[in-house]
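In the two assemblies presented below, subunit A is common to both, partnered first by subunit B and then by subunit C.
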Partner chain A sequence: MLGNLMPSLQKKIIEQLPNRPKLIIMDTMNFWMDIAMEDLLKTISMVDLLMVNDGEARQLSGEYSLVKAAQKIMELGPKYLIIKKGEHGALLFHEKHVFFAPALPLEEVFDPTGAGDTFAGGFIGHLAHTKDISYNNMKTAIIIGSAMASFVVEKFGTERLQEITKEDISRRLNQFVDLVNFDMDVQ
Partner chain B sequence: MSLLIAGTMAFDAIETPFGKTDRIIGGSATYAAWSASHFTKPIKQISIIGGDFPDSEINALKERGVQFEGVECIQNEKSFFWSGRYHMDMNTRDTLITDLNVLENLIRLFLNRIRIANF
Partner chain C sequence: MLGNLMPSLQKKIIEQLPNRPKLIIMDTMNFWMDIAMEDLLKTISMVDLLMVNDGEARQLSGEYSLVKAAQKIMELGPKYLIIKKGEHGALLFHEKHVFFAPALPLEEVFDPTGAGDTFAGGFIGHLAHTKDISYNNMKTAIIIGSAMASFVVEKFGTERLQEITKEDISRRLNQFVDLVNFDMDVQ
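Moving on, here comes the complex of A and B:
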């Protein structure tokens, strides 16, 4: 997983790995789109999954519609795209499929620093643990990433990530299930 | 499956409408490693830090299964430092200070000691 760094360096890291990993995930930000677009596009073409926020997806693609933006970005190389929408959750795109993960409505957001990195860590941590990089498992992973991000914003820095237990994470994941679970008969 | 995380390990000073910190531990690879460590180990960390990065933080991450062979420590330099102020929406923010410090050396990062990782 390549956290946000200068794109030329992310590329160098990929090139120096002795064997290509099964899945390469890359995070980036608008700053690099402003000053290093050429390097950024080269690096994006080498990864399997790109993570950006909604503003960055629009800037990168030149499209306002996030569906159109996703298609354009996946044409650059990545087979998967995650668009993070802060307090409104995240979207996972793959081919013509799209999956939505909500963000937990929190009473208080104390410090949003690191929320995207924490999301990415939970996402990739789950994939590595389950040894399954299928699209279906990524749907679970994106919920786990959202749950981890919901913890980190509750205090400054990494404090919450250091103190939470497996039970806390399970309880939080159940809240996510309750948040989107409903019965409906579709005719 | 092994996990490799590359990114910054740094100090942040943060202001939000609800509070303010002095220098606290931050960085993309730090947050990602803490988060991933709840699900998998080992985690091979790739980053660069200065001599000011606290041993206590490194030891805490090691206890969580994070391996530091890929983290270069340059003793006589300072770690990357970012300071920012969040707006009322807690989403947009202004960067107040970016001190690259040791990050300027990142391009020289050695990956020789990193074994194959799946991610």
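Moving on, here comes the complex of A and C:
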């Protein structure tokens, strides 16, 4: 999991690995698109999953529609793409598939700092823990990332993450299930 | 289902009904909040479900957080509240429950005119057809409303709605299921 960093450095890290990992995830930002687009495109071509926000996906692809943006970005190399939309949730794209993870509607967002990194941590943590990098397990992972991010914004810095228990996490995950679960017998 | 109209007229319509329906839904907009707030609040107090967009929910409640806004609006009378967020989906509130229906990520939005009314039509159509006004069935109805709205924006006016078949609708509903469906065994 390559955190947001100078793309040329992310690339060097990949090249230093004696064995290529089964899954390389890369986070990046608009700043590198502005000043180091060539390095950025080279590094993007070497990873399996790219993680950006909606504005960055649009800037990188030149497309306003996130569906079109996703197709263009996956043509750059990554087989998977996560587009984070802040309080509006996150999208996971793979081939022709798309999965949507909502953000939990919160009474109050105390401090949004670290939400994106916490999301990434919850996501990669679930994949690493289950040793399953399938698209189906990525859907679960994106929900877990969203749940973790929903905690971190409730207090300053990492305060909230340091105090929550496993039960708090389970309860929150159940809220996500309730949030999107519906009955549909398509006739 | 009271479409968006002068609140005093919506009120008169309710009063003309010899028997109160089991479910009265009301659509409204910011314009009436600006010029007829008193009439609006009176009419809102007489309905079961209010349907507004996110900006209107904030204006009506004076709260930025949609969770807080929803609680304040339900205190005005309605037991159910739908907050529409356009391309970011819709929320259904009832007591302490919240359900989220995503909008389908589309390649192109050709003409958004009528999306809100089509959403309302699909929603009430499903409730009327199934004769089931439970919260659980409202979740399904909100997905059906979102699916119908996702069609109407694909062409001008009602063009797309006039040409789609039952199979088109079923296929689209399946896309909504795929969009939010995930495995979660909360430990």
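Going forward, the second predicted complex is superposed on the first by the 187 of 187 C-alpha atoms of A that agree within 3 Å, B and C clash if a C-alpha of one lies under 4 Å from a C-alpha of the other, contacts with A are read in each partner's own complex, and residues count from 1 in each chain.
The rule is simple: a contact is a pair of C-beta atoms (placed from the backbone, for glycine too) under 8 Å apart; a residue touches a chain by one contact, two chains touch by 3 or more.
Source: prediction; values computed, not measured.
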Touching partner for A:L60 - first (subunit B), second (subunit C), both, neither: neither
Residue contacts on subunit A - larger count, subunit B or subunit C: B
Which superposed partner A:H97 touches (first subunit B, second subunit C, both, neither): second
Touching partner for A:L81 - first (subunit B), second (subunit C), both, neither: neither
Partner chain(s) touched by A:L50 [first = subunit B, second = subunit C, both, neither]: neither
Touching partner for A:F182 - first (subunit B), second (subunit C), both, neither: second
Subunit B versus subunit C as contact partner of A:S170, first or second or both or neither: second
Subunit C-contacting residues of subunit A that also contact subunit B: 108-109, 166
Residue ranges of subunit C in contact with subunit A within the complex: 65-68, 85, 88-89, 91, 97-102, 105-109, 136-137, 139-140, 142-143, 166, 170, 173-174, 176-184, 186-187
List of subunit B residues in touch with subunit A within their complex: 1-8, 12, 14, 16, 18-19, 21, 24-40, 46, 60, 84, 86, 90-91, 106-107, 109, 111, 114-119
Footprint of subunit B on subunit A - complex, ascending: 1-5, 9-10, 12-13, 16-19, 21-25, 27, 86-87, 108-114, 117-122, 124-129, 131, 144-145, 148, 152, 156-158, 161-162, 164, 166, 169
